[in-house]
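What follows is subunit A paired twice: with subunit B in the first complex and subunit C in the second.
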Partner chain A sequence: MLAYPNNADAVPATVTDAEGRADAAATPPLLRVQDLRVEFATDRGRIIAVDDVSFTLRPAQTVGIVGESGCGKSVTSLAIMGLLAAGTGRVASGEIMLRRRSGAWSDLVKLPRTQLPDIRGDEIAMIFQEPMTSLNPLHTVGDQIAEAVFLHRGAGRAEALERAAEMLARVGIPQPRQRLGAYPHELSGGMRQRVMIAMALSCEPSILIADEPTTALDVTIQAQIIELFRSLQDSSQMATLFITHDLGVIAEVAHRVLVMYAGQVVEEGSVVEILKRPKHPYTRGLIASVPRLDRPERGQARFFTIPGQIPEPGRRPPACRFMPRCAHAEVGICDAAPPPLEALPDGGSIRCVKWRSIETAPHA
Partner chain B sequence: MAAAYAASNGVRSKRPRMLDQATAPAAQDVILAIENLRKSFPVTAAGGVGKAALLKAVEDVSFTMRRGEVVGLVGESGSGKSTIGKLVLRLLDASGGRVVFDGVDLNTLSRGELRRMRRRMQMIFQDPFSSLNPYFRIRDILAEALVVHDIGSGREDRYARVERLLELVGLPVSFATRYPHELSGGQRQRVGIARALAVEPALVVADEAVSALDVSNQAQILNVLMDLRAAFGLSMLFISHNMAVVQNIADSVVVLYLGRVMEIAPTEALFAAPHHPYTIALLSSIPIPDPELKRRRIALTGEIPSPIDPPSGCVFRTRCPVALPACAEQVPALRAVGEGRFSACIRDEAAASILA
Partner chain C sequence: MSSVIARGPGDADASPSQSISVYGQAFRKLLRHKLGRSGLAVLVFMSLVAIAAPLLAPYDPTTVFYEDFLAAPSWRHWLGTDDVGRDVLSRIIYGAQVSFQVITVSVVGSVIVGSAVGMISGYVGGRLDHVLMRIVDGMLAFPMLVLALGVIAILGPGLTNAMIAITIVNIPGFARLVRGQVLSARNLDFVVAARALGASDVRIMVHHIWPKVAGNVIVYASLRGSAALITEASLAFLGLGVQPPTPSWGGMLTTSMQYWNAWWMSVFPGAAICIMVLALNFLGDGLRDALDARLSE
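Here is the complex of A and B:
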């Protein structure tokens, strides 16, 4: 185990904003991802799925990762969980520092694979988009939740089932004791996702990774699950990494947001800065492309679009990866060198050498 | 504007005619009339034992679409919106009611007649990958649609038409010789649209046509659809669960819940002031990408009930924040509540003020 030195960790207070959401910028981190690079071996050679990804996750904080297909948001979460397919995917460089329950720091990249199961499901839990594929159809939901408690806590069967019933009640499943004996197919999509959340939270993880947890749900059910996330976070110090393509959901759950494009973080900042005052041309374009209820564009003939397509991992432009689609791109500047992730005075960061000159320009 | 439609021939309509003649569009303006449409599917209990039951996917749905109009058909899982889309094209046979396309009741058509009629009605599917034959080049996928409907003379002419179609949907002509797997999701959906347009249809049913796409592709495809509509006066039944998309593309909206129509309204009126408690709750549940926006959310408790055993009376009453005991007694009639607006609720006047 490595001790992780960081001077910024000295200030312990948690501040809350007007909405009562904790602005945990002042509390010491639980997870620090530094210069993460993930590679996959494919039949077309080695491809870099994610590179140069860095971020910090603090107690009671939700960090959202947004981006479109192939941007690397799910790969990032799988790398943290040590779930990259062995033999094809691997962390090529960088570190994933986790503050353990003991207070010591572990680099999950260097940790022997045999130790990962102690962390997964116990200190870091994960939930996925489609709960049906993550739940075992042959076991009751009670047994599946109890298994996690049994594995990580060494509880007996009766005690583990008791804990399972308690968790089902906590995630808002009516008649939890009766539901222990239900099989996944007997539950609706919303109920299955609640079961997944109950299972994930059963060992009180310090970190929850939620990969598109509401994407497959109807909006009225999504609203219930978002409310559940909020109340669970209010009642614990759990940190959440929330991956979604839905900027509306991000606005409701996240404190800080990472915007990813073509395997890199292109912008990072508070949820208000990212959604209200985006600086990167991609973030600006993405936000402008979303049809939204509060800004109907009826009468306008067209939606705003980002021209072109997301480049495939093997065909990314060598310097700025967004350059071919960017309205502000300048030959000689944007294709000169890969743009660094520049720190901003407000604590955010941006990967664009021209952001100062385009900040005042209208959308995208 | 979609209007709740009481069949002009009162004999067929089970419901009393509750609409003014003035609100019903003139027959020649109507491209599509759905009249008291029903569809149920028999379902058997697990393992084939036990009693068979009926899943009521669509119950007594009526609305009309004018020529050149885009009608948004919205609702959550189990609302029956996709089933209605299939019934409109007669990809499914209705259990009751009628689909009248351009004055012709589709149920009265023979197979041959239906096939000829299909040239005028086309569908765009959600997943453009599973609906494009992976062994065909793009030009042959598109040319096949022309061959099936006997459009064009010979291969040269059809390939020339294919090139024009590709241009129409914003794809480079060089894509003609590619295979579907060489295209991105957005590009494949453009091919799906081109195929639907190949036969110059009068009506397009778009079933979640942009739902599988990333945001930037979604906006591009919506623009293609809007351009085509402007250019050809396409009538479109736009089926979607995404209310924000519907708000931007539809002229009027039909809101469904558990197989029944809850509300019909011109788009702007619906979003400015939803009438039915379900519409109010649905709109308030949609997250908006503005963390500083303060809104009142009407949280719906519970789950969407099973269409095999729907609630008595109003199907929404089990989750409705303003339901009364009376709501369980009879199915509320769809009644006029404003210009071109209809709502199926006995509480909607109270609802608007209570929930506002």
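Here is the complex of A and C:
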């Protein structure tokens, strides 16, 4: 059996139990995703990429979705945006309820496709992973930021460019007015990501989906972008869905965390609970895998890794999907039936039948 | 460029860099490309000659000099006269007007129609794509000239109908090219990002995908231009294009066939066709080199 190194204090000191400001259940949610299931039609039949995922997003709240590549976190965000590749990916069941600016609720799954462009970029905006390729190389950054303003506010070119300059200044780009005429190739990766953020925020969306916005950036630039996110959070009521595989980033920005594995939510809770008292063996493994420079474990020169690989969507274990990689797995219990997502007293939830016995032996 | 970036945010003295669009850069690159530059220069020269034909041509192209049938090149007629005593140089100069007209109209026409078909086919996909592409395949199955002859057979001979025929013949090539480009472009990150920003399908096609595809279309258009010129000359040669007495290079070659001794009647119009085709191909090569590198970034 593999033991998880104790890595609980990988959580930065900035994370405190008091920082659950957006946990206040009093504020009505902006987005409620209920039992979302996304399927892809492939040559080898249908594949369930996202399996019964549910969560809510409240104003000024940041929900982080963590997991390895292929766990369904990006597909979840694309489903919310209605950007699943037509013809292959589709929402098979579930609902995505969005509270519109008007106050009315819309189910984005049932909304006619022709109405989605009105919501995208205006009420829900998205930032992508690759700033190097997510900007159109043939248009100036000014025109690209102005596009959303033009599309949703019907602004004239001069007015839209004025707004674009304002947004560039807000995301910390020096000399914003001169930068309006720059082409993406003239900017560095960090600057391009700032431009992407400016584009996404130009219509003041109520929800921002950030799909690995820092992954492609240098560590120092990452820190700057995260700092930018934090300051934007502080200055608005915007809710953020932050998708990443980087727990360090989650610790910095998120209030609540969804841990996904093989298309399912395996654990959900406040950032403090998840990072300081992880219950699911997968979450514990993820946290243990964060490289530590400051304090190598005794006699352990290597990084901790979770053994095995994420199962292919077609070959998932029938019961607990994490069982083949789990250090606590027990034949007869873990492979008996698919584990349900169990609600926890602290408001979180967990998908592991053995979590109580694992918890009593912390990091054993 | 990179030095500006390295200073990063917060640095106020970053010099405002001169921004050039990708197409602007490609044009500069074209001007540095030897063959492309010479092709462009020749075409510009020829188009100026065509425009200024009334000023440059020594005689009217239809004036008949009764005393000079089949006259060899001389100081009076630099490139000689034809079988009815018309000045060959003047006819070549005026013939350039016909050639440019044919190239411009048919290439622009087939670019517009072909690109629209290819764009819709590639973007919408599915059954529509299937139907459109089968039609295109059917058209591509015919040799160009045969298809053009078929269209002329329906419409009747004449310059306008020849241009329509050449346009139709060129549509499938552009449709195929654009469709393939759109298929690869529609899932590019920046296209998805534009959709995430709320751009409609039409806006994405026109504003985001088309500029990306246009470079390849321009290259292909310059190459199809030379093919259009040859098709026009062939149709005129067969007597199905421009009708006499309007001068056209292909038509001049037809008459020259019967007068083997009057070499100037065939060599000079043939050379004109050859030079223009070469110039268009050189331009196409230059454009490809200039645009490929820029657009693949």
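Throughout what follows, the second predicted complex is superposed on the first by the 328 of 364 C-alpha atoms of A that agree within 3 Å, B and C clash if a C-alpha of one lies under 4 Å from a C-alpha of the other, contacts with A are read in each partner's own complex, and residues count from 1 in each chain.
Here is the rule we use: a contact is a pair of C-beta atoms (placed from the backbone, for glycine too) under 8 Å apart; a residue touches a chain by one contact, two chains touch by 3 or more.
Note that the structure is predicted; figures quoted are calculated from it, not measured.
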First, second, both or neither for A:R351, with subunit B first and subunit C second: neither
A:T305 touches, of subunit B and subunit C: first, second, both or neither? first
First (subunit B), second (subunit C), both or neither touched by A:M191: both
First, second, both or neither for A:G87, with subunit B first and subunit C second: second
Contacts of A:R170 with subunit B and subunit C, given as first, second, both or neither: neither
Touching partner for A:R58 - first (subunit B), second (subunit C), both, neither: neither
First, second, both or neither for A:Q224, with subunit B first and subunit C second: both
First, second, both or neither for A:V272, with subunit B first and subunit C second: first
Which superposed partner A:H280 touches (first subunit B, second subunit C, both, neither): neither
Residues of subunit A that lie at the interface with subunit B and also at the interface with subunit C: 188, 190-191, 224
Residues of subunit C defined as touching subunit A within the complex: 1, 4-6, 8-12, 14, 16-17, 19-23, 125-126, 187-190, 192-200, 203, 207-208, 211-212, 295, 297
Subunit B-touching residues of subunit A, taken from the complex the two chains share: 68-69, 188-191, 218-224, 226-227, 245-252, 271-272, 275-276, 285-287, 289-294, 296-298, 301-306, 309-310
Residue numbers on subunit A that touch subunit C, as the complex places them: 81, 83, 85-87, 117-122, 125-126, 128, 130, 133-140, 147-148, 151-152, 172-175, 178, 181-183, 185-188, 190-191, 194, 196, 199-200, 224
Footprint of subunit A on subunit B - complex, ascending: 76-77, 184-187, 214-220, 222-223, 226-227, 230, 241-245, 247-248, 267-268, 271, 281-283, 285-293, 297, 299-301, 303-304, 319
